[in-house]
C-alpha cells in the first residue's frame, strides 16, 4: 500500500486567501493511501523543502503530492527535493491549486472544494506513477553538414574549429553555393567572391572537415547522437586524389559550348569542367550527358592529356556510411522558376513577364553574373541579346513573392535590398543609364539597410515607381514595360533595354525529399520548420537536427551566417556531453500485447517506431512487433491513443494514471 | 470588487483534457492574470492532444461529467509536430459516433487555446459551463450506471436503497 | 410479395471452387484452402479448412455461405497453420477485409491465393439456412453491396452474374431514420439495443479487424471499459468497438450477423464509414492503404467543430 | 395432481400473481427478440417463439452484485447482499429443454459450496413448464434423451390442448401449492385432445458410448478438426440453459465499488488465462474440447447427468456453424 505525503502550500497568501488550506490537508489526509498531509506557508522555500524531505524520511513516504502552483513553475524544484530524500523524482506530482484555482476563483467555499478535488485527483494519479529511470544515450561527436553554401561553410568551420569532425556534403561539384555567384553584397558593396573564397579554401584545408562534393544524402538512420548517414558520392570521372587541378583537360576538351549553370547560361563551359575558377575542390567533373566519350565512345582526349592519369571513365557512384551525432541542414534556396506553372506545383508562374521568351528579360541572379568581375562579360552590363549596353533598365520587384494568387504569399526578404544594390551597380557601370524600379513597398529593416536603399535613390538616381507592372512586350529592340504608378495614380510606360525581375526565393528542389529522409517537417513551400518560431529557431522538432540559412526561410547573408553559427553552437552544446540525458517521458511497447499493426508507426511524428522481429531459440521468426526508440521518441503519446490494444504506453502518462484521475472525480 | 455570486441550483461537473504546452499554459496564464471563471472545471494534463484517447471522454461521462472539454494547441503549433492534427481527426470521428448513440454534442467542446490565450481559456470554460448548466445534468450515463439486467436487480426497493446508501 | 433472387450460378461456382481447390492442393501451390462446407442442418454451410485434395469435394458455395473467412487469416486465430500459401474463398465483401488487413501489416498478398466468388447475395441471420434467397431473406449488407464481383483475385469462376436487383438499402435507410431523431430518442433506441447485450463477444471474435492479442476491453489495469454485461459496460463496449473499427471496417457485417441478441451493430460501423467518407473522402476496402483516415491527417482538415 | 386451465384463466392467474407482487417471468418480446423477462401483464407473454436466452437467468443472472466496498483512509468497509430478500417468482411458459436443465444446475450450485444466490432464487421460484409444439432442425432434445413433452424440472407442466387451454400436471409441492392457492381458476381435466407436440428432430444418441469415447480421448485429432473453426466467443455458453460458469470481478473506483458475478464461458481465451501470463488452454481446440468434455463427461463423472438438454440454441447462434449435435453424434459412432 502506498504511503503518500501531501503538502499543501499557502504560497504566502496567494493560495490561502481563497483556499482553506488546512481543510484541504485535513480532507485529503482521509483519502485511501495518504499517510501524511500537512500545509505550509511556502513549500518552495528552503524550510518548505526541508519539511518535505524530513517528512519523506520520518513518515517513510512512498509518493509525494505537492499542492501549490503550476507544475510548469516548480515541478523540477520538488522533484529534485524528493530525489534528494531518496524517492524517484517521478513519484512526485504537483496539484495546481494556484493558477487553476485560488487565482481564478473568488468564492472561498467553491475554491476550497475544487482544491480538495484537484489534490484528490493527483493523489490517485501518483499512486499509479512508476519509478522512471533517466534515459541516457551516447553521443557520436561528429557532425554532418548538408549543403556547402555560406551557411554550411560557416557551420562546418565553427564546429570544426571547436575540434569536432565535420562531414560536409555538397550536391554540386564545388562548394560555394549562391554566394559564390554574387557580384557585390549589400549593404557594404564588398566583393562577394573576395569574402567567400577564403572560407572555401579554409574548408578545403581544415583537418577536421571531410568534404564530399558532388554527393548527395541517400539515407539517414538513427537518432540524436547516433545517426548513420549514407552518402552517395556521384561518379566524377576524375580521381580527386590524383588530379592536380592543372586544367589541361579542360583546355583540350573539344566540347566547349555547354551553357554554364554557374554563369546563368550566359557563359559557356567544356564537357570536363570546374564550375568556376575558384572552385573547391578544384577537381574537374565530366558532364557525361555532353561528353563525346560517353556519348559515342570516341574522343578520350582528356584522359590522354592528363599527366597524373586522374581521368577515369569507369568510375561509378559510391555509397559511404558516416556515423554522426548531429546534423546541420543548410541546403539553401533556389530562384523561383517564373515561366510556366511547374507540373504538380501550386505555383502558377509569371509567363506574362516574358522571361525565357524575351532574351533581355533576366532574373536577379543573371544580373549578378553580368555585374561580376569574374562573370562572362567581365563585369560589363551588356544585353544578352546583342551585347549592347542597356541605357534604360527596369527592375521589377516582388516577382512571385507576396502574391497569394500566384501561389506564394511570403516576402522573399532580400529582393528590396538586392534590387537597390543592382541599381547602384548599374549606375556605377553605365553612367548615362537610367534605372527604374517597380515596387510594392521597400522593406529595409536591418543595420544600415534603409540608408543603403535611400542611397540608391538619392545618390544613384534610381527612379522608384510604386506599383506593379501589368504588361511587358518586345517592340523592336526595346521592351515596353507598362505599369501603374499608384502613388500618382497614372499609367506608366517605359521603353526599356533590359528588364530585371526580382524573383522569389524558394527552397532548393528536392527539399521535401531530403526532409523525408531526415524525418523533419517542412511547410507548404518546402521550407524546413524550426521547432519553435521564436525560442527554438535553429532546431528542428526532430532532436539532433539543426537548420541554417535559407532552407528554413528567405534570408540574407548576415542572417544566414548568424543562424549557421547558432546551429554550430547547438551542435557543440550537444557534443559537450558524452551521454545525453533526457526526460524519461517516452513510449514503451508491451510486446506481449503488440500484434504488429504498426498504427503507432503510422502516426509517430518522430519516426521513433521501428519494427522488431521476435524469434524463437532456433532463430525462426515468430512475429514482428513495434519498438519505440527512446532516443528518438518525443513523448507526445499519439501512438498510445492510436494503438487499438494499448500495447504501447507513454511513461508518465499511462492509461492507469489517467483513468485513476478521471475516476477520482 | 467582490460581487455577490449568484447561487445556482445545479453546478455541472466539467472535465477538461488539455495539452501541457498550449492550453494548460493558457490556463496558467489566466491564473497569473487573475481572470475569473466558474470553478466547475477540473483539468487533466496531457503531453499532447494526440495522447487523448476517445475512451477517456467516454470514461469522463461515465464517471459523472456533465460536460467535457478537449483543448490543445492551434494547428501548426503542436509541440510534437502533428499530435493535434491526429487528434483533430480522431475527435471529428468520435463526436459523430457519440452523436449517433444519442449524446448531445453541446456537452462536448473542442477548442484550440494557445499558451497566450488566457482570455480564450476563460471564455471557453465559462461558455461550456453556462451551456451545460442550462442543459441540466447529464442523466444518460448516470442512469445507465445504475441499471442492471433484470435478473441481476435486487428486487425489493428497501434492500436496494440500503445497499446503495453505502 | 417477396422477390426471389437468382442464385443458380452458385452451383457452377461450387464446381469451379472444388476444381480449383483440388488443383491447387494437388500441385502443392497452397498448403490449405479455406472455404465453406455443408453441415448437418438443411441448407447450412460452415467454414472449413482443407489440406487434402480429396477433401475439395466438400467445398460448396450457397446462400448460406455467410461467413467472412478472412477471419481465419488473422493472427488472432493462431490455430490455422501459417506454413506456405493459403487458398481462401472470398466474396467481394470479404475481400475488402483482406485488403484492409494487408494495409495493417497483418497479411501479405503473396501468401494468399484468392478464389473470388461472384456473389448475388447471402442469407440474413434471421433466415433459416434452408430458405431460398429473396428480397426478404437476403442479408441487409447485400442490399448495399458494391462488390458483387471481387477484384484482383487469383481466380474467379467464369460465370455470368445475373444483374443484381435494386433493393432498398437497409442501412442507409435506418441511419437516415436515426439521424432524424433527437439525441434523447437515439439514446433511448441504443439503450434498449445495448441492454440486450450479454458480452459474449461474438461480434469481436468474428471481426477480421479485431485481431488484437489482448483486447483493450479485457484489460483490468486500468479497466477502460466495465467488463460485466450490464447496460453501462455494454454501451461503453459498443462505442469503443465502433470507434476502433472506424475507417477500417468495410462492412462485412459479421458482427451484426452473429449477435445472438440481434443488436444492429453494423449500423454503427456504417455510420462511421459514412462520416469518414464525408469528412476525408475515404472508403475502406478497395485498395491497400498504408494509412487509414484516422492514422493520417491533412493540415486543412475540417475543424468547424473546434472553437 | 392433474387439472385443466383455460387460456383466459391462465392469463388471469398470471395477472393476479403480478398484482399480488409476485414477479412473473415469461417469454416476451424485448427490442424485437424473445427473452424470458418479468412481465407486467399476461398479455405480454409470447409462447410461440423460443426465447434467445434460456430461463437459467432467473436463478443465475447475467450479472449480479454480490458485495460492495468503500474505502476511507486506511479503512475498508464491506456490505453484503442479503439473498433472503430475493423476490418470490413464478417462471412461466418454460420450454421443456429449459426446464430440464434447471435440476442439472441445482446439482452444481448445491454441491460442495452452497451458492446462496442461486439456491435462494431457486427456492423462491415456481416453474411452470410448457410442452413444446414447435421445433426446427437445430433442436435435438430427443438426441440427449429428452422430448418435447419432458416434464423434468417443472413444478407445474402445461400441455396445450385443442381449442385452447392447457392440461396441468404438478410435479412438486410448489406446483400443487400454486394450484391450491388459485383453485378457482383450475378445473378438472377435460376430454380435449392435446395438440400435437413438436416432431423429434433427431435420433437418440447413446450418451454412454459418447462418454466412454471421451474417457479415453483427451488427446485426439478430432478436437483440432472440429474446433479449428471456433472463433472463441461465448455465445454458445451464454445461450445454453445448462452452462453455468461465472466470473467474479470488482468494478468501481479506488474509493468505492462493487463485486460482481457474471456469466463466463470456457470458449474465451481469457477464461483460463493465469495471472502469470500462462494459459493452459492456449488454443481454441483445447477450449472447445473442454466444452464437450464438461457437458458429456466431467459433469457425468461428478453428478451422473449430462450438461445438455438439446435446446439447439448454440447450434443456431454459433457464428461459424459449429453443431454440437452433429459432433456428439459423430463421437457416438466412433
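For reference, chains read A, B, C and D in written order, and residue numbers begin at 1 within each chain.
We adopt the following convention: contacts are C-beta pairs under 8 Å (C-beta built on N, C-alpha and C of every residue); 3 or more make two chains touch, one makes a residue touch a chain.
Treat the numbers as computed from the prediction; the structure is a model and nothing was measured.
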Exercise for the section: Any chance you could name the chains that touch chain A and chain D both? Expected result: B, C
Completion exercise
When B-D and C-D are ranked by contacting C-beta pairs, first comes C-D
Completion exercise
Rounded to the nearest Å, the gap separating the Cα centres of chain B and chain D is 44
Problem - CA centroid of chain C to CA centroid of chain D, Å - result: 31
Practice task
Please work out the Cα centroid separation of chain B and chain C, and write it as a whole number of Å.
Solution key: 35
Handout entry: Geometric centre distance via CA averages, chain C-chain A, whole Å
Key = 47
Exercise for the section: Could you tell me which residues belong to chain C and also touch two or more other chains? Expected result: 195, 216, 223-224, 229-230, 294-296, 299
Fill in the blank from the handout: Residues of chain A that touch two or more other chains sit at 592, 603, 642, 646, 655, 659-660, 663
Handout entry: Residues within chain D bordering two or more other chains
Key = 62-63, 253
Exercise for the section: Select the category (line, ring, star, complete, other) that matches the graph of chains linked by touching. Expected result: complete
Practice task
Enumerate the contact residues on chain A facing chain C in the complex.
Solution key: 128, 524, 592-599, 602-603, 623-624, 642, 644-647, 655-656, 659-660
Practice task
Enumerate the contact residues on chain C facing chain A in the complex.
Solution key: 75-76, 104-106, 211-216, 219, 221-224, 244, 290-291, 294-296, 299
Exercise for the section: Please give the residue numbers of chain D that touch chain B in the complex, ascending. Expected result: 23, 37-38, 57-58, 60-65, 68, 70, 77, 79, 81-82, 85-87, 253, 256
Problem - chain A - residues contacting chain B, complex - result: 70-73, 96, 98-101, 103-107, 110-111, 113-114, 117-118, 121, 521, 529, 541, 585, 603, 605-606, 634-638, 640-642, 646, 650, 652-653, 655, 658-659, 661-663, 665
Completion exercise
Touching chain A in the complex, chain D uses residues 71-74, 253-255, 277
